[in-house]
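For clarity, chains are labelled A, B, C, D, E and F in written order, and residue numbers in each chain start from 1.
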Amino acid sequence: MRPSARQNNQLRKVSFEVNVNRYAEGSCLIKMGNTHVLCTASIENGRPTWKRQQGLGGGWVTADYAMLPRATHVRRGRDSNKTDFRAVEIKRLVGRALRSVVDLDVLGERQIFIDCDVLQADGGTRCASITGGFVAMYLACEKLVKCGEMRKNPITHFLAAISVGVHNGNVVIDLDYDEDCHAEVDANFVVADGGALVEVQATGESKPFTGEQMDAMLKLAKDGVAALINLQKQVVEG
Amino acid sequence: MRPSARQNNQLRKVSFEVNVNRYAEGSCLIKMGNTHVLCTASIENGRPTWKRQQGLGGGWVTADYAMLPRATHVRRGRDSNKTDFRAVEIKRLVGRALRSVVDLDVLGERQIFIDCDVLQADGGTRCASITGGFVAMYLACEKLVKCGEMRKNPITHFLAAISVGVHNGNVVIDLDYDEDCHAEVDANFVVADGGALVEVQATGESKPFTGEQMDAMLKLAKDGVAALINLQKQVVEG
Amino acid sequence: MRPSARQNNQLRKVSFEVNVNRYAEGSCLIKMGNTHVLCTASIENGRPTWKRQQGLGGGWVTADYAMLPRATHVRRGRDSNKTDFRAVEIKRLVGRALRSVVDLDVLGERQIFIDCDVLQADGGTRCASITGGFVAMYLACEKLVKCGEMRKNPITHFLAAISVGVHNGNVVIDLDYDEDCHAEVDANFVVADGGALVEVQATGESKPFTGEQMDAMLKLAKDGVAALINLQKQVVEG
Amino acid sequence: MRPSARQNNQLRKVSFEVNVNRYAEGSCLIKMGNTHVLCTASIENGRPTWKRQQGLGGGWVTADYAMLPRATHVRRGRDSNKTDFRAVEIKRLVGRALRSVVDLDVLGERQIFIDCDVLQADGGTRCASITGGFVAMYLACEKLVKCGEMRKNPITHFLAAISVGVHNGNVVIDLDYDEDCHAEVDANFVVADGGALVEVQATGESKPFTGEQMDAMLKLAKDGVAALINLQKQVVEG
Amino acid sequence: MRPSARQNNQLRKVSFEVNVNRYAEGSCLIKMGNTHVLCTASIENGRPTWKRQQGLGGGWVTADYAMLPRATHVRRGRDSNKTDFRAVEIKRLVGRALRSVVDLDVLGERQIFIDCDVLQADGGTRCASITGGFVAMYLACEKLVKCGEMRKNPITHFLAAISVGVHNGNVVIDLDYDEDCHAEVDANFVVADGGALVEVQATGESKPFTGEQMDAMLKLAKDGVAALINLQKQVVEG
Amino acid sequence: MRPSARQNNQLRKVSFEVNVNRYAEGSCLIKMGNTHVLCTASIENGRPTWKRQQGLGGGWVTADYAMLPRATHVRRGRDSNKTDFRAVEIKRLVGRALRSVVDLDVLGERQIFIDCDVLQADGGTRCASITGGFVAMYLACEKLVKCGEMRKNPITHFLAAISVGVHNGNVVIDLDYDEDCHAEVDANFVVADGGALVEVQATGESKPFTGEQMDAMLKLAKDGVAALINLQKQVVEG
């Protein structure tokens, strides 16, 4: 029995509230249970400096990730002198994941910035950032297409992410914070529409794991992502 | 005629959504028109380090203020190496203002941290932070009183803040971003319940101003704050 | 009775020593009692980067403010990793105040940097920085006019600043450190020649204040600034 | 055919030079082809601060990772003001991996610091850091056991890591820099003695990948790690 | 002929203005020609943290060095994110030099902080900082002895420093900025009362130098320092 | 008798291993006893920014210096927020020394970066960095000459550095860490081929020193450097 009384393959209640920011080209407030992430997608003209310096063409997609000071049980003040290593790891993952489904040549000399700000955290914030960030990015691209600034949407696949883990010996999906703290294995899967894998990260927190557990987690993740992508499609076609 | 078609003494639509964060002792999402600020109040045990080092008793109240990267028309990335001077000025003001209505001896060996995160900015974010931060702080104190951790609420007065300015020669209240950009004088008034002044800041942006204008601004501000404090009372007595 | 035995409306002994720095275009060591601030004005050709990027014309005026490590009772070492929030607040005020009396179009594509270094602090350093910084800036502009680099002095008004406060229930001017520590209300007025207000900042340190006190402070400030501007004129006309 | 003319399942030439540092409790210079990483393990008494503050017992294992400025084709100067996001990601991985095979209760109130300095990089530096860092850590623990400071070696399993990828459609092991740059999928497997998985990270660089490819990579990685662990055992029993 | 028309062994006009700061235990404004350095000595109780951690007794002496933004021909803004390498080198030299003439056991559990702020620079600022810093330190120690806080003055020797160089083939003393810029050899000598050497630094700026030049510079420096120490004695015995 | 049982004028065992890095234009691992420094020389096209801004021609030579975390008895973690003052002092010395024997006009619009990374420290790391860095720089220049990118080698003299000190009253050369800790005088001499002095730094650590000791140290240093330069020549002519 899971602490939340959910089935092993049952996601938390998911909702997407779109266009929540009047300035961003695209925006989405995703809630997965008590995890709430405000995602905005900003599109700016011009290549990033490093592409220009290296004479490379095409656009770029990058992400930022931060938590509000009281997103967690204990307040965590901003300390501008301390790099948040965990946030660095996550923003690189989010950027890499979202970039993987954008055709950078179609994007052209533009950069997309996805900002993921965790208003409240209860486990799974990096996956929520990818899933919600995708919606914000999709809406931003659609907006540019509609107003004629971009000839077509450079997004090649829908994309979502979900956490899976082994808890009390069971393979379970979409762990909340309490469950995550006591999980034996903790994994995150970023999966594209159709089931192709974009990124897999699995860590044996308290003990190593087996290839069989890996397979079981992968299967659960694919189903969970398929459900999330269905929701994304409903939302963006709104 | 104001750009927003409001009367000179007319506030924007104001709303307070309370208890929006499950971890903070008190929280409030304040919306003044398109300015949206998420305020949380966290109460921690213990004196601040500097009070301990100086052998001083009593508690303390401090604030932080930040904007999400896309709170504004143009995205502004976090640059951990650049201090945001404007934010520093504002967080000092917010902390000072809220501290002025707390009896630090009654608070005892506790610190209150007010975090104000601007989700969307359209002028008046510092005043919204004070007005919304007060509600969050009040709720946090009430919570501790109710659960018996604090013998009585250390807050001595209700408190709110409002911006007033001179625009096209008219003294107007609660300027939005467009109006603020073209204001000749820009002022912020922090006022306690009953009309006593806590902080006054007035700047002649494009030209100096007169004592008469100062008086007119003060009068408008007092009325505006009185209306805001009425709303605060309804909300916290909910 | 004030701790310093001065009258309520009596300034401390003020002196301006000009051209104390051989490199700066203008310089002034201002002493207001035991508060000593070394002000230099440097004029550099070229617009600031942000004006260039936004395609804006005209010049700019900016200020910096710092205290020497032993300007105060207790030594305060330089810690390059900690932003001095108070200094940030002050340098923004000084820059804004001095900029308000410069015609940026007449200044042309130049920047004026006012550096205010507090050699010794005994209250009122921000006001002394504005009053002394004005003299340095005036002299710097005059120098460029005299040597033919600038067609006319871009300064539109004389300008000075003074602190006023409520101490033991009395409205008093030009508080020194001891008085300032125990003041109930602490205010700073930046006033242009002729009495027009440029910036007003008033804070109820230990308790709120009234509109009547505000008026009394304003009156005292205007008289004090008028005296300071008289001295400035004598000094710059040498 | 691979650029290096190796078989798909063929590791580069691997060597471990141990006790290369006279101060560290354990040390190892690992060379995997042209990738050279100097690993030292330092054991210090005392719990980390965060454990002490939270009242937690047991020891801790942490890692650092850095490249010398000319470890790569292009010199990369140290810039103390810019956080190296990639290095942050890697040092978290290395620390997590090595910690997973240490019994922190047996370690007792001690911290192990693994420093991995890349003298020369040619792909696979994070895996070499884990594999070489393990040897340094093992030797350090043995040393403390031998001199009677620790009752038994707290290491529970041997551990190594290897990169695997998909290049030109083939699943290949231990990619060098040239191969890595053009790989379609890039994965790192941290595997314990006996084949249990400790960490899996797989990224579709240019396109998504399938569960079948995941399985094939996993199989190749297990064989490669088994070979590396054999070498580790020979070296530490040396 | 020197640019300043001075003799090769002729110092610039030197003056010491003491007790210029009302808070510091000792202070001195030294002027060597147009080089003006404000030196303060602050004595605080307690050992430095590192001595306490290592269980070492006795006091410590340390120095800081900074230039005001317009101490030089070209304004140099404070950039809190860039370490001033030159200042670091100088403050280490000043601290080391002054520490060498203090008996740290007699000083006891106290720290002396010497702050050297260059108000105006015209060459030789590091030597002026040592020579003026010594006076400030001497006065601070005397003050503590006089008020009975310290049983005797811990200073063992008088100490001063002077720059010497080779300019146009001539060995000359106390170079000003213009001379320094074109010197072939640039040296600084820190010498104790009686002629014993404390620190020697000599650099061949544009070409190497000989042992004979070294000897000639040493001789000139000793005479110059002897003159400076005479002045120091007059000043402190004032 | 020296702790190491060496004669007063006896260097430690010295070795130069060249071309140890496959990417750097020149590289050298220098070992002086247990002091091991990995030196790389990187040549990049283009003037440094500051030369370009000031309209100056010719190339530039600069150095960096760092210790690996466990190069010393006690591990010293990297703290990106604390400037290592000692390292700053050393890298300025190394850069200045190596630059002194390069004809910057012959070098042309190129920069040479010498990176000195101390793998293991046992005293004398700054001198080893200069001596080894020279070899790396020489090899780098030769390489560019051989491949026709530079018309001739811009190095004007061979150059090496050695530490000399007074220990137990004896003037001794090439102090190791133990000896250095207890030396009364600590000096470093940078000397060019033929015996001309490039930089002299001498510090009386525990007491001042005399001109005679200075002469004796100088003599010892010249002999030591002559021996080192002989070795350098053998190595680079390989």
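Operating definition for what follows: a contact is a pair of C-beta atoms (placed from the backbone, for glycine too) under 8 Å apart; a residue touches a chain by one contact, two chains touch by 3 or more.
What you see is a predicted model; the values in this text were computed from it and never measured.
**Student:** Could you figure out which pair among A-B, C-E or A-D mirrors the E-F interface, over half of its contact pairs being identical by residue number?
**Tutor:** Selected pair, repeating E-F: A-D.
**Student:** With chain centres set to the mean of the C-alpha atoms, which chain is at the far end from chain C?
**Tutor:** If we average the C-alpha coordinates per chain, D ends up farthest from chain C.
**Student:** Farthest chain from chain A, going by mean C-alpha coordinates, please.
**Tutor:** E
**Student:** Distance from the CA centroid of chain B to that of chain D, rounded to the nearest Å?
**Tutor:** 50
**Student:** Measure off the straight-line distance from the CA centroid of chain B to the CA centroid of chain C, and report it in whole Å.
**Tutor:** 27
**Student:** Could you grab the centroid distance between chain D and chain F? Build each centroid from C-alpha atoms only and quote it in angstrom.
**Tutor:** Taking the mean C-alpha position of each chain, the two centres sit 33 Å apart.
**Student:** With chain centres taken as the means of their Cα atoms, state the distance from chain A to chain E in Å.
**Tutor:** So the centroids are 58 Å from each other.
**Student:** Where does chain D touch two or more other chains at once, residue-wise?
**Tutor:** Residues 80-81, 83 of chain D each touch two or more of the other chains.
**Student:** Over in the complex, which chain D residues touch chain F? Could you list them?
**Tutor:** 21-24, 27, 34, 38, 40, 42, 44, 64, 66, 68-73, 75, 77-78, 80, 83, 113, 115, 117, 119-120
**Student:** For the complex, which residues does chain C have touching chain B?
**Tutor:** Answer in residue numbers: 83, 85-86, 88-89, 91-92, 96, 100, 157, 187, 192, 196-204, 207-211, 214-215, 218.
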